[in-house]
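Here the chain labels run A, B, C and D in written order, and each chain numbers its own residues starting at 1.
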Amino acid sequence: MGCRTDGVVAALKAAADTVVAHRDELVELDRVIGDGDHGENLQRGFQTFVVALTRSTPDKPGAAVKLLATTLISTVGGAAGPLYGTACLRAATTLGDADELTPETTVAALRAALGGVVARGKAEVGDKTMVDALTPAVDAAAEALGSGADIAGVLAAAADAAEKGAESTVPLVARKGRASYLGERSANHLDPGARSTSLLLRAFADSAAKHRSAA
Amino acid sequence: MGCRTDGVVAALKAAADTVVAHRDELVELDRVIGDGDHGENLQRGFQTFVVALTRSTPDKPGAAVKLLATTLISTVGGAAGPLYGTACLRAATTLGDADELTPETTVAALRAALGGVVARGKAEVGDKTMVDALTPAVDAAAEALGSGADIAGVLAAAADAAEKGAESTVPLVARKGRASYLGERSANHLDPGARSTSLLLRAFADSAAKHRSAA
Amino acid sequence: MKKIINDPSTVVVDSLHGMAVAHPDLLRITTEPAVIARADGPVAGKVGVVSGGGSGHEPLHGGFVGLGMLDAAVPGAVFTSPTPDAILSAIQQANGGAGVLLIVKNYTGDVLNFETAAELAEAEGISVRSVVIDDDVAVKDSTYTAGRRGVGGTVLLEKLTGAAAQRGDSLEAVEGLATRVIANVRSMGLALTAPTVPHVGTPSFDLADDEIEVGIGIHGEPGRERLPLEPADALVARLTEPILTDLPFGDGDRVLLFTNSMGGTPLLELYLAHGIAERLFADRGVSIVRRLVGPYITSLEMQGISLTALKLDDEMVQLWDAPVLTAALRWGV
Amino acid sequence: MKKIINDPSTVVVDSLHGMAVAHPDLLRITTEPAVIARADGPVAGKVGVVSGGGSGHEPLHGGFVGLGMLDAAVPGAVFTSPTPDAILSAIQQANGGAGVLLIVKNYTGDVLNFETAAELAEAEGISVRSVVIDDDVAVKDSTYTAGRRGVGGTVLLEKLTGAAAQRGDSLEAVEGLATRVIANVRSMGLALTAPTVPHVGTPSFDLADDEIEVGIGIHGEPGRERLPLEPADALVARLTEPILTDLPFGDGDRVLLFTNSMGGTPLLELYLAHGIAERLFADRGVSIVRRLVGPYITSLEMQGISLTALKLDDEMVQLWDAPVLTAALRWGV
């Protein structure tokens, strides 16, 4: 059972709502070990995306994700802009112009997204970045797929793993990003990017679950 | 019964001690309705005077007062420097090179001092300045002289009147000096210059009284 | 009190030392008495221009010493007028034989100390003229009071008179120009925070997080009134209105608009305020033909701004554009 | 939060508007996308020099656009790297046909966004070279981390490369010079107070009245360590020591010393600190032959200072003295 463009757009809109709802939390996390703009930057990007959707209506899941990618790249700025932007761009490419999303292509898209973040940011697990949330998410998604999960199941597994992954950044000393300038002082703080990654995946999972029950 | 140079120098040194002791009080009064430097400026001037006394020993009362005048003019700055400096300069002139101070010359010196302040600052009683302390002080001194007071008596009368005069500045709206920039907001505050004038006269009076009992 | 200093009682001298090593080609600085003079001065045959006042307003006045502006500046203790002997020394170092103009900000202390110094200089045979600038419209003027303060207009006055002296104008001519500038310049400022005077150690006034002081001077005096913080549009209008109506400035006037930071207000906000001010002046038909934006007459670390408007005539425009080479202001050379 | 602004979300655009009206002859400013370019640019046949980054560091970078320095600057949101489309537009406006050098401060965001913009420009046939400046010795360097931040050295790099481009050097030559400058410049800063980012509304970090942050950057990041406030002599030594030993600077070296205010530190304190720094460098036999003192790379209203030292060669001295005409830096013209 697949997911057509409308479902994908709904999931991306749900992600936008989550970003706005958590804007202040992300700003505060970044204020402490960064420069306090992560929530502001993502909100600017996702709000522009929602506006863009009123102007053009993507006809394929890949096109919708690509629209998000280009919007994030041209409006977010900072580190997260290019990183999330590239992630979505790579995901969109793997989705191609297929009419619908499948559990398989969902996992492939997540893996491509991770590949994009690593390609641009060169971070490894343990560097205290969004990679610490996204990497376990991809593995968990693949595992869920292996045990026959549907899209909602795959994304739920990814979201659960991303949340644990984000939590795992708390004790870490940052080796990448702004927090790395603090050295030891970066420890005992949750990484804002890892947190936003887990929030986005949770929004996708919840939206897919709604979509399923609706179907 | 007169007062020779040593007595005058003792009185001026006593004044220096008073200024240092009340430096913070005068700074705080000036911080509220001025620029917070009155106590600092006077301390700089009187401390330099005490040092100057170790280098040159005035041989006449007038010379001692003149040394204070030139020291204040060249080290205090601000409004109080020229005002107190001119006051002392005029006082020194009236004392001329007499070997000792008398009740008569004391009153004449105080009147000359007031004349100097008014000549430079153009302030009238009620403008919320040192003139509000010095004017009644001169009148009271003259009255005491009329009723046969000695130097200590003359200065005690001046100090008492100066204290009342200073208190009278509290309700006033300043028309001269920095406090005038505050308009109505300058009311309900004691004028720092009026306060320092009453402190100086009190120091002179107490020193003269000691001198008398010693004599 | 948080400051990068060693000792409040030596802060001015210590700072002058740093200024001297920072500008060896430009300035000749003495500390006993404290005077900042042109390294190549006095310039023979040129009218000397001298100003001074309490320290804490940097770059005023020392930052304006150099070709086309001041020949010497006299820094007093923080917020305290300098003494006559220091002013006299500055006059002597500025005297190239054509006389010296003293630019005095209208504060009792400055007026009295410069007065005495002028007498002493005249006694030495140096011809001296003094002008007193009082451009702050926040203060109600009256012959019975100390009158208006000298604030932002001082910077423009020093530039224009300095340029006139540089091109060889006589002492009378430079004095005449100064009088014209003073008659045509108006300023007003507001503060978001209070400065802390080193020898005091506590803020000059206490403001709540949502309060501002409107009509402040440059010595940490509180303003004429305390108001709630407002958006920039409203704040700037509180300064432009009294300035526009005071002179008044009106339709067709050509104006130099000077948007000044009191020290702690960053350029991001200062440019924002300047943009609003230009719009508000344009709304009255005033055309801004010259601008100055930056921290040029400050009050230590105080956050706030002041606006200064000068109604220009052709000669003033020429003199404004004339070359100037100082630590804080330079163009044309 | 006390700021002279209308709305945190429009503060950069509002400020750019004010900057545009303040410097009509010097700058051409667009806001969609936000780019500050030379009014007379692009200069045909001249290598273009472009830099940019988050706003809040004024006058960096826009204040350095003009003859002999930058051809265009890209201001991002406050403390946020600009996006590739804005950077691309700046590259286009700076391209006079001889190629464009991108000066990138070493922050992940800046590096990634300039990287993308460079690819897009190359795709349009504009030859682009990028240099990344990372002069902050407070950050321990390592190939496994984001590395050192680009701070005060950026100002000197923009002046020197801008002068090289102005005299007609090729893109390769300007890039080579840039690499040499980056290899020879070191900086470190400290903060007495934290800045407040408009869209955050609260100070970036909380400091007690007797505490300072040593080894801070320009984005309100806390420093490497928190220490008690000390006299100026000790504070300045905390900056000179790591700088001197890192390159290292030593006997006989000719150095440009740049004493920078982080925004809220007044000139009185800044000159005082500069004097101490020159003494401490002289103690090591280093001779200071050029200086820059002022607020040139700031962090909003943050109080604090940074020191930057550049080991000079003859060509760098020449290029430093070369004419520059920008809003914030001008001499020789």
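The definition used in the following text is that a contact is a pair of C-beta atoms (placed from the backbone, for glycine too) under 8 Å apart; a residue touches a chain by one contact, two chains touch by 3 or more.
None of the values given here were measured: they were computed from a predicted structure.
Minimum number of contact steps separating chain B from chain D: 2. The fewest steps needed to get from chain A to chain C, moving only between touching chains, is 2.
Relative to chain B, the chain whose mean Cα position lies farthest away is A. In this assembly, the C-alpha centroid of chain A lies 33 Å from the C-alpha centroid of chain D. Separating the CA-averaged centres of chain A and chain B is a span of 77 Å. Chain C and chain D, compared by their mean Cα positions, are separated by 29 Å. Listed for chain D are residues 78, each touching two or more other chains. Taken as a contact graph, the chains are arranged in an open line, each linked only to its neighbours along the path.
Pairwise, the chains that make contact are A-D, B-C, C-D.
If you check the complex, the residues on chain A that touch chain D are 27, 31, 33-37, 40-41, 44, 73-83, 120-121, 175-178, 180-183, 185. Chain D contributes residues 2-7, 11-12, 14-23, 55-56, 58-59, 63, 78, 192-193, 209, 212, 229, 231-233, 235-236, 259, 263-276, 278, 288, 291, 293, 295, 298, 300-301, 303, 305, 330-331, 333 to its touches with chain C in the complex. Chain contact summary for the complex, chain C toward chain B: residues 54, 76-85, 107-109, 112-113, 115-116, 138-140, 142, 144-146, 149, 197, 199-200, 202, 204, 217, 219-222, 224.
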